Amino acid sequence: MSGHKVTMLGTGLIGLFYTQTLHGKRNRDRVEVVYSRSQERAAEFAKQFDVPRSTVDLEEAVADPDTDTVLIGLPNHLHEETVELCARHGKAVLCTKPLARKAEEAKRILDTVERAGIFSGYLEDLVYTPKTLKALKAVQAGQIGDVTWARSRETHPGPHSAWFWDAKQAGGGAIVDLGCHCTEIIRNYVGKDNRPVDVMCWHDTLVHPIEAEDNAIALIRFESGAIGQFEVSWTFRGGMDLRDEVAGTEGTIWTNHFLRTGFELFSSGERAGYVAEKAETTSGWMFPVGDEVVELGYVDMFADMFGAMDEGREPMETFYDGYVVNAVMDACYRSAESRRWEPVQLDDWRGGGARRIAPARREWDGKTLIKQEQMPDGRLKLIVKDEATGEFSDVVTEGEPLSKS
Amino acid sequence: MSGHKVTMLGTGLIGLFYTQTLHGKRNRDRVEVVYSRSQERAAEFAKQFDVPRSTVDLEEAVADPDTDTVLIGLPNHLHEETVELCARHGKAVLCTKPLARKAEEAKRILDTVERAGIFSGYLEDLVYTPKTLKALKAVQAGQIGDVTWARSRETHPGPHSAWFWDAKQAGGGAIVDLGCHCTEIIRNYVGKDNRPVDVMCWHDTLVHPIEAEDNAIALIRFESGAIGQFEVSWTFRGGMDLRDEVAGTEGTIWTNHFLRTGFELFSSGERAGYVAEKAETTSGWMFPVGDEVVELGYVDMFADMFGAMDEGREPMETFYDGYVVNAVMDACYRSAESRRWEPVQLDDWRGGGARRIAPARREWDGKTLIKQEQMPDGRLKLIVKDEATGEFSDVVTEGEPLSKS
Amino acid sequence: MSGHKVTMLGTGLIGLFYTQTLHGKRNRDRVEVVYSRSQERAAEFAKQFDVPRSTVDLEEAVADPDTDTVLIGLPNHLHEETVELCARHGKAVLCTKPLARKAEEAKRILDTVERAGIFSGYLEDLVYTPKTLKALKAVQAGQIGDVTWARSRETHPGPHSAWFWDAKQAGGGAIVDLGCHCTEIIRNYVGKDNRPVDVMCWHDTLVHPIEAEDNAIALIRFESGAIGQFEVSWTFRGGMDLRDEVAGTEGTIWTNHFLRTGFELFSSGERAGYVAEKAETTSGWMFPVGDEVVELGYVDMFADMFGAMDEGREPMETFYDGYVVNAVMDACYRSAESRRWEPVQLDDWRGGGARRIAPARREWDGKTLIKQEQMPDGRLKLIVKDEATGEFSDVVTEGEPLSKS
Amino acid sequence: MSGHKVTMLGTGLIGLFYTQTLHGKRNRDRVEVVYSRSQERAAEFAKQFDVPRSTVDLEEAVADPDTDTVLIGLPNHLHEETVELCARHGKAVLCTKPLARKAEEAKRILDTVERAGIFSGYLEDLVYTPKTLKALKAVQAGQIGDVTWARSRETHPGPHSAWFWDAKQAGGGAIVDLGCHCTEIIRNYVGKDNRPVDVMCWHDTLVHPIEAEDNAIALIRFESGAIGQFEVSWTFRGGMDLRDEVAGTEGTIWTNHFLRTGFELFSSGERAGYVAEKAETTSGWMFPVGDEVVELGYVDMFADMFGAMDEGREPMETFYDGYVVNAVMDACYRSAESRRWEPVQLDDWRGGGARRIAPARREWDGKTLIKQEQMPDGRLKLIVKDEATGEFSDVVTEGEPLSKS
């Protein structure tokens, strides 16, 4: 029943969420050393979370003899060199999203850990929200049939730290910050063996005085014919909007992770208080979530990561997934530029292939059955096509609906 | 306080909704004659709705000496010739959506009524839902600032009549059937003076054994920089999903017209009953709407149409709007083919022009203010950019937020 | 197709809603004369709604030779004398809720119209909301089985006019103002033939500096065993909360008429506007309704009232219903005083009687079946009682669920 | 960082949830021995959850030398003797809800642990749901002002095990099973120092062929004037309905723990699967929760319990709370019998006392201000009372709203 000892790199919002999660409830894993570029922030963080040691020396933190796992919560442009340090010191490495700024950087990172033979995990928390995990089970059990469409939306008024807004450090804007979440959520819904074929993307900088995009929409076409759709924005008003929708041939899934989760609070505002990450108001109607680190997936994510380490298996989200996500985002940027569909360039595709969405043809009286529905009066209405003549017609009958098989 | 006497053309679902609306509540307009291609359906409809006369002769119905207004509820390929009949007989004409199958057909229809000088109105009901009307007022009053994005979604398991499924009669599939609603909803939100510049569209036939598309997604880019997004499907499971979302620089609007309107019903199904248009179940959790013809906009639409006639003004939705919608849909089909953005071809653009979305730049200490937010501890966090060096930085201060002006 | 000509008495919020409804859309009934105690308000109202005549003479308004129907929108203590005027002048009379301050006053009003033989209708709008009307149909069709419980909740921050707050004029506080709605909604759900037997009520004056109650909760026990529950408050924060819930042996109904109807609006508040009756905010998250007079039932209520007059039938809500409601409320006040259940005193009960809720006993293996449920593994779990020994036991079996009959 | 070793008594649904929680995620506490009355169930449970030892000897399980804590998940009538065993063996004891069948039994249990000086905790999970914990913080921070009303509702189609249905073993029906949750939720919202003064309760056996009540509603009046309200039912259709509502002088809270939490799934039912505790359907619209043991409060409950043990403090929910809950429920049963308010008999009241809800009187122009509201045109409308004459009047003014202080 022993836990892991962790080196935490970075003391920003993500480092805070990670450490809150590890030190929360009855968890058995602990942060033993924390690194920040600023001595003051490192010390303050260590004090706040009761972390034994703090340092401003990145390699010292990674090499700490007491820890077995490194958590990377640093800006995107520092991921590659940090993973190299982990490889050098033989540490398990868990890296925050996105894995890299571009697919080729991601591929080098992937190669590094595979060459070194160290455990690695991709910290894509939103794939691990309790709702997403249960929804994925429903999809995998066939409850909604073949997935035809998955929409993932993440929008809020913009990130909390300066480096996100600097395209050089971040590698882009809202796509790199938020689209990586959406892409991986979509991949999980359509199936990871389902190759992302090509991408159509629009982006623009509509509101903020920056060069990076603050709004983007993308369509991702998969081998099966399924379509992924993401909407990301740094200009949304009203809080943080995290919603996914999935359509299948036999069903539908809607998840709302943040703004409408069955918790509604009105306050006249005579007294104010902290409501939730990226909420905009402290009076009027507010929509907190119960436990942010649970609802955002952090708890289940670390359970999977450390569980995988202990059980000698791969985690649900790997550095390879991070690489695929970067490849999709690279295609997004190319498409926004070329204004056409762009192929997703994956030199290293490990998926197994997916069959085309294809419900069986059903016949009625020698004609193709297009649709059937029960009418208010109990009779059955069929729409059928005569393949010989190409004619469509309505038929109303007393019979029972045709079954699928 | 006198009402209008109406010729109703068509006895399908749309004719039924139109007539239910006119004959419902304390309305003062009445259907006097109904036309159907089938004598039986015409007679049955007349009986059901207490309509004095029925006929299978289209021109006779249009020319009826007692009626002043013709309602076209016929398949798309019959709109043009029917409008010509109305013009010939000098009748006010109200035509169901879409106005035509293609923009050039729509343009000829528009020319016909303008030459004849007859009153015409475009029966785009979903623009008139009570929620949309109130939301449009909020937008026009500036409550959400400049609109940056509008999503309109209409999906259900497929239409009720055979002709919809036949691309020749309908002019297309889900785009022509449902995308016309979405396009016009979006135009209303971004402003009708805001020219639709170009369009990016994906469509596919994923589930039904037909040639027309059963799923489509489109992006519409407007002159202001605003982006419209529609999602249409004939393969949705779970009822009829009619939702719109609008993002603005100062706010957000979400409307749900059908599946989640504050009416929830669970039934064990021991006894079943009619629930709502395109509902799929009669047991388990169901989500009826209160009054379908109100919630779908029919009541307010006809109030506007007949009110406009009486007051000698244009209705909110005109044949010109129908023409613009067809032009956008034409571009959608071209884009789905070419796999790139396609311009919206509008030979006759009557809009006034829209300025680019552009919030004013604000300064803090000589730097560009990117973002400001109140921290849980009450202090203010600013993200600023030094335009000289291009550097971004965080500043935490005790001060008050900067105002907009 | 001719409409009615109406005398409108009162120019407060209710008179405004009534007149907006009659003059809205394509309605064919019109207000011809308006009465107010204040010349200024009468004239202003007449101008606002294009009403031909206004007066401060109550009898003159009632006796107006051009109108056939009188709408009473006056404070409660004026209902009786006004109905007497209507009887004297032989006018159809529609009276706002509550019918009277006490049951004996209501009974005299009822006797007056019945003696005079004039048409009368009880303007209980919330029974006519589109959702309630459809929900009642579902209940009457048996979709939720026998009703066991109905909760009706109406709460807001307090009424808009001074007289409501004065127990002498109003006859009470929140119970008389809001409980009358709830009581009648509940009666419709449990069935009007179902006699209200006795009542248990709590009330208190918790917040406002008045003598009348500003909060109350009541339980109403019906002959069938069904229980009604109402919660009324003048101290609710967050808008106007209008929700009903109904439980039946075969189903459940939840309706939300105002605060959560699928319309959500966030505004930073840079520009404000009117949102909805009794909303508290003009920024942050707001929840308008589409069309207030539709959603609050006014449109369907007047359609029923004038339809009933035209068709020579009783309206859905009669003065007799108003009398029963007053009798229930009288029992509420007695119970709040005595702190025990108090009988509902109905000297004149016209209902037909209701049978006790009583699902059939089902047997399994000679034992009484208490409950059956499908287990996750597909097996059936039964809970049974041996009536001989009184022992309860669990049984897990492979079989099919027992049907109801 | 070491965890606790636990004896688990009982292998029913509650034992399963407790053990799932302890053995889930990265938790550091473990069940070491499990007891059941049935050898088979004990062994099966041990195997399923990887528990080292199982037994049918209750005292052996309690006395297990390796465990420090006993979890009681047994039927209500066994709690007292089991707690005595824990006292005898000096084990920390955590007991499921309700603590006992009657207050006097609860008081003996409380006395037993206090005499023995052992750690004890009351496993009232629903007080620990993440939403409730955050809502309680908001209330305690004053965000909704003084609590005036708290409604707690727990209804479902009936419990899973036979003993619940037997009033002798359980001590009652739906009140004892579910009302204990509600009572304690309400106490937390109104404040635990706020003495429950008296109780009004209705119960009936409407649907199931049992002697115990299958439906009940209770009002609990507290010292401050606040009113608690619970609704419990074993006859609800549609799943498990767990909702709380709180009204305060400055705000409102609504929490929905189960049926509407932002997760919606439609399935045609071609393939079925397990959805959630007490769900009734496997097709149509379903509403799963993300992670049941999180959403139902088990995770946070055990974190508090073991945290309290480690830190030498009291847990949030103590045996004393369990005793108060039993006292309230005893009064409920007396009231249902006597049909009047009944005092809550608490021989041992440890609360500190609560002041009466009492907003300050505000004056306007020498009169009492009853209400103020902003009108659509921006003016301020006041309702004031002249205390000298007792007259109420409306005032419309251009001024600013009066502040609270």
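Every chain is named by a letter (A, B, C and D) in the order it is written, and numbering of its residues begins at 1.
Throughout what follows, contacts are C-beta pairs under 8 Å (C-beta built on N, C-alpha and C of every residue); 3 or more make two chains touch, one makes a residue touch a chain.
All values reported here derive from a predicted model rather than from experimental measurement.
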Both-way neighbours, i.e. chains that touch subunit C and touch subunit A: B, D
Interface residue identity across copies subunit A, subunit B - same or different by half: same
Result of counting contacting C-beta pairs for A-D and B-D, higher pair: A-D
Centroid spacing, where centroids are CA-atom means, of subunit A and subunit D in whole angstrom: 35
Centroid spacing, where centroids are CA-atom means, of subunit A and subunit B in whole angstrom: 32
For subunit B paired with subunit D, centre-to-centre distance based on mean C-alpha positions, whole Å: 47
Numbers and ranges of subunit A residues touching at least 2 other chains: 144, 237-238, 250-252, 266-268
Chain-level touch network, classified as line, ring, star, complete or other: complete
Partner subunit D, residues of subunit A touching it in the complex: 1, 3, 24-30, 129-131, 133-135, 137-138, 141-145, 250-257, 260-268, 270-273, 288-291, 294-295, 299-300, 302-303, 306-307, 404
Complex contact set, residues of subunit B against subunit A: 144, 148-149, 151, 155, 157-158, 160-163, 165-166, 200, 202, 204, 206-210, 215, 217, 219, 221, 225, 227, 229, 231, 233, 235-238, 247-252, 274, 282, 338-341, 357, 359, 361, 368, 370-371, 373-374, 376, 381, 383-385, 390-394
Touch list for subunit B against partner subunit D, complex: 237-239, 266-268, 280-281, 283-287
